[in-house]
Every structure is written in structure tokens, then in C-alpha cells.
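Structures are listed in the sections that come next.
Both of the next two complexes hold chain A, though its partner changes from chain B to chain C.
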Partner chain A sequence: MILDLHTHSIKSDDGRAKVENYCQWIRTRELPIDGFVLTEHRQFDLESDYSKLAADFGLTILKGAEVETEYGHVLVFGVTAPLLEAFDFSDIHLPLARVIEACAAYGAVPVPCHPGRKRVGMSAHLAEYGVPDGVRIVETLNGGSRDNEDAVAQAMADELGYRGIGGSDAHIVSHVGRCATRFPAPITSEQALVEALNGGEFEAVSFRDA
Partner chain B sequence: MSQLDIEALKKEWVGVQFEERSFVLDPQNMAEYASACGEVAACYTDPTDPDFQAPPTFASSLQRGRGLPEHFPKMPGLGMDAGKAVEAFAPIRPGPKTSRTHMHDIYAKTGRSGRMIFLVIRMALYDPDGTHVANADTRVVIRERPTEEDQA
Partner chain C sequence: MSVATVREVTFGEELPVFDPDTSLDNVIRFTEAAGWRGPRFTDHEAARKEGLPGALVPGIMSQGFLCAMIHRWAPPAQIVEVDTVFRAPVIVDQTYHINGVVTDVDETEGRVEVDLTVTNEKGETRVFGTAKVKLPV
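For the complex of A and B:
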């Protein structure tokens, strides 16, 4: 199963894609992905229910979040009500340690995203803050990366022993599925995604040249 | 210079109304706007159509007057247009209208270029009977200049 683990819809302030349009694009363009995770900026979208859309298009549509820390942006998978109480998702100065601690306490998985990017990527802050405890997975393939950002991310992951995921970071419809993550078994819920990430059997894949 | 305190700014300014205007929408202007947008439906382009109304995005063109509240703090960088958004609640018909504009939201985010501050200014459009016709949001982004601490 292949999931794009990093997408934004119009629920994000800079997102220009409706979820239904992502589904239409994936099917009409016959993209090689089976679904995607909506990781809206600085929030978790509690209100939207995409189950009918997912059924209509035969896709897996899950929800996560992208929060902002001193080490840059971090995807959070497996968001639950207690986790939402644990820290303020809208705070752009979250301590990464607090995010990691809360994720561990409430069964979520934190994944620093586009870590090779300056200012908002983890690698840019290692010299100042050191290697953070508790990071196990980073986004090594990001569909919005420029220049050598993904190479920097992969080099950091290799050096520090992190596993890598892929996500498109799509904000517009035509960018969905540029990068994704391949899992050995089907994933149909946020909980199953957390278990799969914790299991460690996955690989980042790129379809940018497809 | 330390970074601008967004929470304090929000507390002081979000919800503050700083403009109220009354004006009359001219059907010819509305029709010309629709044609310029490529509309072909008579309800948008023909003022004699019984259902004549402006396209919803017309609301965005009605922002006038002050862009920010009086005495609003000077922002630490250059402001740029970060997009418009319209919420349509009822057809925009010709005739008298009232608009009220307030600071709707202030937030910050981080990106490749550093911290950015967003101001969301909302103009609410009303019919004479008080019907809330539309909201037109204008978003302004300020790319914050690096502080001395950042540059150290």
C-alpha cells in the first residue's frame, strides 16, 4: 500500500486543494498511490469526515497535523483528543521535546518533515540545539523540496539512523502523490498508520519523474 | 529588537472594527465586472434579468478606505497581498449596501524565509434590512526582518 503522508487541503491557510479534487486527480491521472494523509498546518481537523469520499473513490483518507517547533516543522500521526490537550497545535514555537513526549504518552508518531530545508527543517538547527532525543523517523522525500534539500535530509537520516518516509507536501491538486510511503500491508485508519510506522516496515518513494 | 508579540497583538486588535461605509451598487458596474471575469450567464451580465446579481467575488472589489485600524502598530517588514477570500451568504443585488470592516485574525507561521505575520481583514457586507450578504477577507503577509539575535 502506498500513501502520500503529507498533504494540505483548503483547511490550511495556504492550501488551495479541496479533498474531493485530490481524489479526482488521483483517479483520473491514475496515480500509483492508494490514499493520502491530510496534515493541516498548526491544527488538527476534527470536524471533517472524509469516509464517504474515501469509499466513493476507493482511497484511504486519513488525518494528521503539521506543527512548528524550534527544530522546524513536524508531522504528527495518530492525533487524538488527549494529544490535542497536551500542547497548543497553533503555537509556532513549540519545543520539539514536548511534542515528542506528548506523542509518546498518547500513542502518536512525530516525524520532522522536510528536514533538509533551511529554517523550517531539522538539520538546520542541529548545530544550535544538538541532536534531539526521541526522533526515529524523518521525511526524507518531500515533494516540495528544492535543490539538494532531500539529499541533506537523507544524509542526516543515514548519519543519525532515522527511518524515512515520503510525502508530497501538496498544497495544490496537481502536486499530490509526488512522493509517498510504501507499506507492506493495507492501512485504513490513523491507528493502523501509527502501528505501521512504529513497526518500521516502510520506505519512502518518489514519483516526481513519473 | 525582539520579535513582535503575536498573542498580545491578537488580544488587542482582533475583532476591532475600523471602517463602516454606506454606498449604492450600480447594476452597470456589476455587469461590467461579471463580463470582465468571463461570466456569460444573464443573471450576472444582464441588469434586466429578474435574478440579476453580482458574482460572489465582486464582494472583494468593494474594500475601500483604511487598510488597517488607526494606531495599528508598525509592522516589522514589508506587507504584501497574501490573497483574497469570499464567503457568500445571499445574492449581491444592486442598490444600497453597508460594509463594516474589522481585524479578523492575526497569526504567524514559519517558512523558508523565516517568520511571517499574517493579518486577515474582513469586510462584512449587508443589505439595508440587515441581511448579511457576504464576507470578503483580505490577507496581508509581512515577512519579518531578521532580529539582531537571529543574525548573531
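For the complex of A and C:
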């Protein structure tokens, strides 16, 4: 099963894609992915129900979030009501330690994303803040990466023993599926995604040249 | 290939790739016409002194390129909105490609949405956005 673990819809301030159009695009272009996770900026989208769209297009559509910390941006998978109470998702100065602690307490998985990017990536902040405790997974393939950002991310993951996921970081329809994550078994819920990430059997894959 | 009505447009259709003229001469002509004179747009050395990688193609010029691309593809199109996100600077005298692809079609209303990306020769996205376009039904 291949899921794009990092996408944004029009729910994000800089997102320009409607979820239905992501689905249309994946099927029309016959992209080799089975679904995607909506990781809206600084929020968790409680109100949207994409189950009918998912069924109509035969895709898995899950929801997560992308929050902002002193180490840069962090994807959060397995968001639940108690986690939403644990910290303010809209805060752009969240302490990473607090996010990691809350995720551990409420069964979620934090994943620093585009960690090789200046300013909003984790590697840029290691010299100042040190290696954070509790990070196990980082996004090593990001569809929006430029220059050597993915190489920096992979080098950091190799050095610190992190596992890597992939996500397109799509903000427009035609960017979905540029990078993704391959899992050995089907995933149809946020809980199953958390279990799969905790299980450690996955790999980042790129379709940018496909 | 150009289109004249919304019925000729299909979801996923790619617009002809457009390689904009980002030469210094062309940018100078644009900034003079637009009243946007400034060394960061017209002088590589001056731009570098500001910490930039080189002279910048003005954002409104990039948006103009996007609109020009749409009108080459669909001459009767009314461009309702062009919404751009600038991820990285577009540098004068460097080669860029503008790609467009249809990502939504409303045949009843004649509305079309187009994804737009400006990429460099390494395939890196510098600017992305969407355009909302109205075509004759």
C-alpha cells in the first residue's frame, strides 16, 4: 500500500487543491498511490468527512496535521480529541518536546517534515537546540524539496538513526503523489496508520521522475 | 493546440509549455513599463549586494507570464483569478519552464481551473499557483 503522507487542501491557508480534484487526478493520471493524508497547516480538520469520496474513487483518505515548532514543521498522525486539547495546534512557536510528549501520551506519531529545509526544517536547528529526544521518524523525501534538501534530510536520518517517510507536500492538485510511503499491508484508518508507523516497516518512495 | 470553448477542455489536459523570456533586457523593459524600477530587478551585482542570488524577475512579471500562457492556450479566456505562491526567487537570465494543467472543469458554467508551476532546469518548483478561467460555453 502506498500513501502520500503529506498533502494540503484548500483548508490550509496556502493550499489551492480541492480534495475531490486530488482524487480525480490520481485516477485520471493512474498514479501509483492508494491514497493520501491531509495534513493541514496548524489545524486538524474535524468537520470534513471524505468517506464518500474515498469510496467513490477507491482511495484511502486520512487526516493528520502539520504544526510548527522551534525545530521547524512537524507532521502529526493519529490526531484525537484529547491530543487537540493537549496543545494549541495554531501556535507557531510550539516546543517540539511538548508536541512529542503529547503525541506519546495520546497515541499519535510526530514526524518532522522537510527536515533538510532552511528555517522550517529540523536539521537547520540542531546546532542551536541540540538533538531532540523522542524523534524516531522524519520525512526524508518531500515533493517540494529544492537543491539538496532531501539529501540533507537523509544524511541527518542516517546519522541519527531515524526512519524515513515520503510525502508530496502538495498544495496544488497536480503535485499529489510526487513522493509517498510504501507499507506492507493495507491502511484504512488513522489508527492503522499510527500502528504501521510504530511498526517501522515502511519506506519512502519518489515518483517525481515518473 | 488552442481551445475556444469549455467543451473542448478535458480534466488533466496539459497546456503547451511556455518558456518565458527572463532576459535582463526584457525585464528592464517590463520594469520601465510597470514603473517598478529598482536595481534588484535590473542589476545582478546590485541584487547580490542585497543578499539575493541575482536580479529578480518581478513577481507581477511572473504572473504576467502565467496569464500569457493561458491566453496562448485559450485566446477567448477570461482570467478571473491568478493565485500564486512564490516558493523561491525567479532569477533574471536563467531558464524556466511554465507548465499548466487543467484540474477542474465546470462545463455548465464554463469555469476551468488550471494548476500553474514555474520550474527551473533542475525541475524545482519556484512558483506555483492556480488560475480560475472562464470560457465560452
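To be clear about the criterion, the second predicted complex is superposed on the first by the 210 of 210 C-alpha atoms of A that agree within 3 Å, B and C clash if a C-alpha of one lies under 4 Å from a C-alpha of the other, contacts with A are read in each partner's own complex, and residues count from 1 in each chain.
Assume a residue touches a chain if its C-beta (ideal position, glycine included) is under 8 Å from a C-beta of that chain, and two chains touch if they have at least 3 such contacts.
Everything quoted here is computed from the prediction, not taken from an experiment.
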Answer with first, second, both or neither: which of chain B and chain C does A:90 touch in the superposed model? first
Taking the superposition as given, does A:68 touch the first partner, chain B, the second, chain C, both, or neither? first
Classify the contacts of A:117 with the two partner chains as first (chain B alone), second (chain C alone), both, or neither. first
For A:173, using the defined touch cut-off, is the partner it touches chain B, chain C, both, or neither? Pick first, second, both or neither. second
Between chain B and chain C, whom does A:42 touch in the aligned arrangement: first, second, both, or neither? first
After superposition on the shared chain, which partner residues are touched by A:133: those of chain B (first), chain C (second), both, or neither? neither
Who touches more of chain A, chain B or chain C? C
Who does A:18 touch here: chain B (first), chain C (second), both, or neither? second
In the overlaid three-chain picture, which partner chain does A:208 touch, first (chain B) or second (chain C), both, or neither? second
Is there a shared patch on chain A that both chain B and chain C touch, and which residues make it up? none
Would you mind writing out the residues of chain C in touch with chain A in their complex? 11-12, 83, 85, 87-88, 101, 103-104, 113, 115, 117, 122-125, 128-130
Write out the stretch or stretches of chain A touching chain B in their complex. 13, 41-42, 68, 72-73, 90, 92, 117-120
Contact footprint of chain C on chain A as seen in their complex: 14, 16-18, 21, 24-25, 28-29, 144-147, 171-175, 208
Can you name the residues of chain B that touch chain A in the complex? 107-115, 118, 139
